[in-house]
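The structures come next, written out as structure tokens.
Shared between the two complexes below is chain A, which has chain B as its partner in the first and chain C in the second.
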Partner chain A sequence: MNTSHTPAMQLEQVASLAREFKGKKDQLMLVLLKAQKITGHNALPEDVAVVIAEEMGVTKNHIYDFATFYAMFSTEKRGKHVIRVCKSTPCHVNKASNAAHMLEKTLGIKMGETTEDGQFTLEHIECIGVCDRAPAMLVDDEVYGPVTEESIPGILSKYQMQGEEI
Partner chain B sequence: MEEVRVLLRNVDRINPVSAVDYMNEGGYEGLKKSLWMSELDIIHEITESTLRGRGGAGFPTGIKLSHAHNARSKNKFVLCNADEGEPGTNKDRILLSKDPNSIFEGMAIAARAIGADKGYIYLRAEYPYIVPILEQALENAREAGCLGDNIFGSEFSFDIEIRPGGGAYVCGEESAMIESMEGKRGEPRFRPPYPTVQGLFQEPTAVFNVETLANIGPIMYRGADWYKTMGTKKSHGTKLYTISGNVRNKGVYEYEVGVNLKDLIYEAGGGIPDGRKLLAVQTGGTAGAIINKHQINMPMDPAYVADSGGSMGAGDVLVIDNTNDIVDILDNVLSFFVHESCGKCTPCREGSMRLYQLASGIIDGTTTSEGMENIRELCETMRLASLCGLGQSVPIPVLSCLDNFREIFDEYIVRNEKNKKIAAGGAK
Partner chain C sequence: MVQIVIDGQETEVEVGTTILEAAKKVGVKIPTLCHHPDQAVKANCRICVVEIEGQKLLQPSCSFPVWEGMVVRTNTPKVQRVRSNVLELILAHHAQECLFCSRNGNCELQEVTQDMHFTREVRYTNETRHGKDESSPSVVRDTNKCILCGRCSYVCDKIQSVGALCKEGRGFSTKLSSAYGKDLADSTCTNCGQCIQACPVGALTIHDDTEHVYEAMEAGKHVIAQVAPAVRITIAEALGENPGTVNKGRLVTAMKRVGFDKVFDTDFSADLTIMEEGHELLNRLQNGGTLPMVTSCCPAWIKFCETSFPEELPHLSTCKSPQQMFGALLKTWYPERSGVYPKDIYSVSIMPCTAKKFECVRPEMNSSGYQDVDKVITVQELANMICAAGINFADLPETEFDSPFGLGTGAGEIFGATGGVMEAALRTVYEVVTGEELEDVDFNAVRGFEGIKEASVDLKGIEVKVAIAHGLGNARKLMNAVKAGEADYHFIEVMACPGGCIGGGGNPIKNWKKMEKRLEGVYAEDKKLPIRKSHENPYIQKIYNDFLGEPLGEQSHKLLHTTYIDRSDIFKS
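Presenting the complex of A and B:
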């Protein structure tokens, strides 16, 4: 768990989001999913969790207990974009591990790591429900597949360009 | 083999978010009819249709409605299970993104039957791009009077809310889903009590799979007798089949219940490309049986498949060609369960991990005949002692794979024992 320093403006955004759901513990998933996007690092650092805990009226421990259960959350900083490569059997038999290796090579990182420039985190995920596009992956909220040696540079450049604009 | 489009009737033919388009194709007629029927008459019609749950377990939908109907409470819920986490299952995604009104209609009819006024769709986190479609479709349905207060001018009010998942396979299990929706870790509950008695927020909750719900509108509109003209003697209606893996035409197809597995692979799926050969087929998702190429002449009828020791699950057909190694497939299947076991109970948490190590050891050379015995014992323990369907079903792919590919496993084990002896000899 990192005690990172989330910019005050982002904390304020998270606070006003969480405030909407004060006392509504059942909306914790929605709040955390949105909060994670606000931070820009696809993560729930401690200061963010503290704000949510205070505003929603749940404990910080509960938030971590909850967040660590679900694959979509991370308590450690991730990249601006999260690439999730499917490894379930329908993709596996369509050589998903080759796709994963090619991504590792292109990005120069291993599964679970983040590129030095903070643009991409590479993760494995189980079936994302688009087995007809095997081997498939999600980049943030977008589906790609079949992921091939030829298609990877084009996909990545789309997100790299976004990065440059900002 | 003709595709029969009951559930897929509107796919790519109407604007998915338009309630008006949906109504122009006969949509919401089943709901309109239900508004003038008694709760018991609706349940009777659905029971008569023999519709069974399409989420994997195959529980009779009419009976579930009747349990929820009998539960005494002012607040009841209809919960649509859109978690679709079973690897190799894509069918709910098609319905959710291409014909959401058919799901809303089924939910509204179910709600009318049990006396609920609120419904939820638990949508898996891996389908974020479906959220805007569902939200727009809900808004349009409300505007058209199909949802909300006094539906179609009747006394009946019902509305639907979307709740996101967080990326956990076990949350497809209904009690884990309910925990998750209450803002907790998605760990399955002990039962009884069943959700129909004490579910979401402790209130009676009827949980249905997306595809199950999509069947309800057409059944109410056209009647149980019509529904029973499709399918086999024992199981009726149509079924969505997801064909994945090493086939030419991967995708979701609709056929009457009972089509032959062989035809699904070679006709619908178009067979295996590039002159490769069939090695194995896994039916019913990662939790389903793995069979060999001599076993594929089989009707996809839940009753029949169950008799053969497998499960039709959610109607998945995963085709595996001979460029794959069956032991590696088993290894991959087990890595899924290791990853997705929620860890609440020991047999599943430790059992999955140990099975995975033993399966990897078959390839690495560390697993011998003693290890193979351990695999079988562990499977028996998991089947009997696991708390939920996840742990209980792990033995299905494992044991079917060992039995149906016995020679291949035997070969590995003979090799491993020989190497072990050589190693032991060398150490002396």
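Presenting the complex of A and C:
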């Protein structure tokens, strides 16, 4: 269970976002995706869900149900960048597991974990529809592929540098 | 109307009828699990599949509407094979501990398994989903038995608007949960127990407290019981008789044989509630108090109001519920007269309600210096105790309730039905205000199962506008109107359970058809009683003369009134 507290400023941002969709339950997907970005942790902790529930007029349990159903959401704090390695068949036969191991080794974490500095979370994902670039992966919204042991350090450094700038 | 053929039988049904409903009409029983007669279609368990001529795939009959000329077959070998596979997959995730389950013998999954004659071994490893949540004093949630039909969360969301239950995760790892994995005790749950009533299996059950009562009996305590108005309506049903069979004589006999030293009637304190609440209403009307005043008999409603409408708490009557009024008297007035010390008294209440279990442990409910009510036992639990004691309920002689709290009026009797508290209050308030005798005591406008009822009563020049809501979803609607200043009512009755206490979570498993019968039982019983107005109860008059003084007096205030707390933090953390 996530017990962290989201800063008030972010909660206000989430509130004004959710307010626009008051009573539009069918837009929950959109709101949650945006809210998850606002938090900076790629997560929907309870206090964020409370704000969305209140502003949109849906229940907190519905948000929790929804957020735990879809793999793109997390109720636990994740890294600033989420790396999602495709594990579907075409990527698998193109040695996606090598890429996954390389990522685990470089970042010093296992699948599903977050680096200590809070920069990266490593996850598996089902087919992302770019089988021609297998083995493929997503870093946030960006598609990479074919991912090789050689290309990984370059990709990661792009995000690590971004992190340093901020 | 459309013509269809089901298993070779021609029939005519209305457009929009589902195959399941149509099949019922021609006497074909299709197994169901996620389907509930009082709920919307969910079609997620797939046990009700049937073959439709011209369709390649089997279709769920609970959601599939008929069309002109449709030919359905419900029992072909293919259908039976598929259903059997569906059942096998459900069983693979269902804890195999039927013999020790409180729903043993009264479980829809057992019934389906038996009806389908599923006798082979399940081919998959039995993997169940995580733990048991016993945090709530009222409801036990055992996710190992959950079949994910969604009936509990439907009633919690759509009927009660509480939203304490939801599914978590996806696919194999899906489980029944509360938002952010919270225990029920820390959730928005109001303890109403409607989820227990909706659950087809033993995933949501009543928190069993019978063991504590046996212990008190063994320890030689003076075990006394009060029996709520609705219990005499549903106890016979819980023991296998027809819904609506009312019996208090046999109930008292059975309880004495189980081992209760005294059995009192909560109808008595329902009358007391009317005296206090009626005078509180008059006081508010005459002295510009907060209006509308809202009843406070229902503990699930109280918790709901404390969590969802904390700013409206001043509308609540300060009266304790009949259970807690009785509890306070049983450890103050009763010891003085009976010579038993309060510390030796073990006070049990028999209730149709699971939320009462929560109410009795509220820290403020100790006017006597002790916890006023020690344990609450629901109708289902009492029925179990009667069975366990080897008592044949059907053949019992009748016994009267014990004196001095054994006499209740028709006004107390109708507390069990939605609108009952309102009607009882009106019977008394009318006579107190006008000083005239009320000839026709039946206020038909406040009776029945309509979600929100309104009425206006003329008290010789003073018009009193009243409203009644049952089911917390309806209560929410009414309170939103009060909050917005759009409601000009003077008095509102709220009962958390649809239908009132006779539909409470602690009763035998219900549906609206059974509820109709129970309701008939309530009003038939009221008609039978010689006294039908609370203030005419001679023992009520006596207790005010001897002990309490007057309604809203100092002693009453100390023992019979209470305070509420803002629980809206539950939403935030």
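Heads up, the rule we're going with is that the second predicted complex is superposed on the first by the 166 of 166 C-alpha atoms of A that agree within 3 Å, B and C clash if a C-alpha of one lies under 4 Å from a C-alpha of the other, contacts with A are read in each partner's own complex, and residues count from 1 in each chain.
We take it that contacts are C-beta pairs under 8 Å (C-beta built on N, C-alpha and C of every residue); 3 or more make two chains touch, one makes a residue touch a chain.
This structure is a prediction, so every number in the text was calculated from the model and none was measured.
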Now for A:Asn61: first (chain B), second (chain C), both, or neither, which partner does it touch?
-> second
Which of chain B and chain C A:Asn94 touches, first, second, both or neither = first
Could you say whether A:Ala15 touches chain B, chain C, both of them, or neither, answering first, second, both or neither?
-> neither
Touch check for A:Phe69: first (chain B), second (chain C), both, or neither?
-> both
Between chain B and chain C, which makes contact with more of the residues in chain A?
-> B
Residue overlap on chain A between the chain B contact set and the chain C contact set?
-> 65, 69-71
So, in the complex, the side of chain A touching chain B is made of residues 25-30, 32-33, 58, 65-66, 69-73, 87-90, 92-94, 125-134, 138, 141-143
Under the touch definition given earlier, write down the residues of chain B that touch chain A in their complex.
-> 84-90, 92-93, 124-129, 163-169, 180-186, 201, 242, 244-246, 250-252, 282, 286, 318, 320-321, 324, 329, 332-333, 335-336, 339-340, 342
Partner chain A, residues of chain C touching it in the complex | 153, 157, 163-170, 177-182, 571-573
Which of the residues in chain A come into contact with chain C in the complex?
-> 1-2, 46-47, 49-50, 53-54, 59-65, 68-71, 75
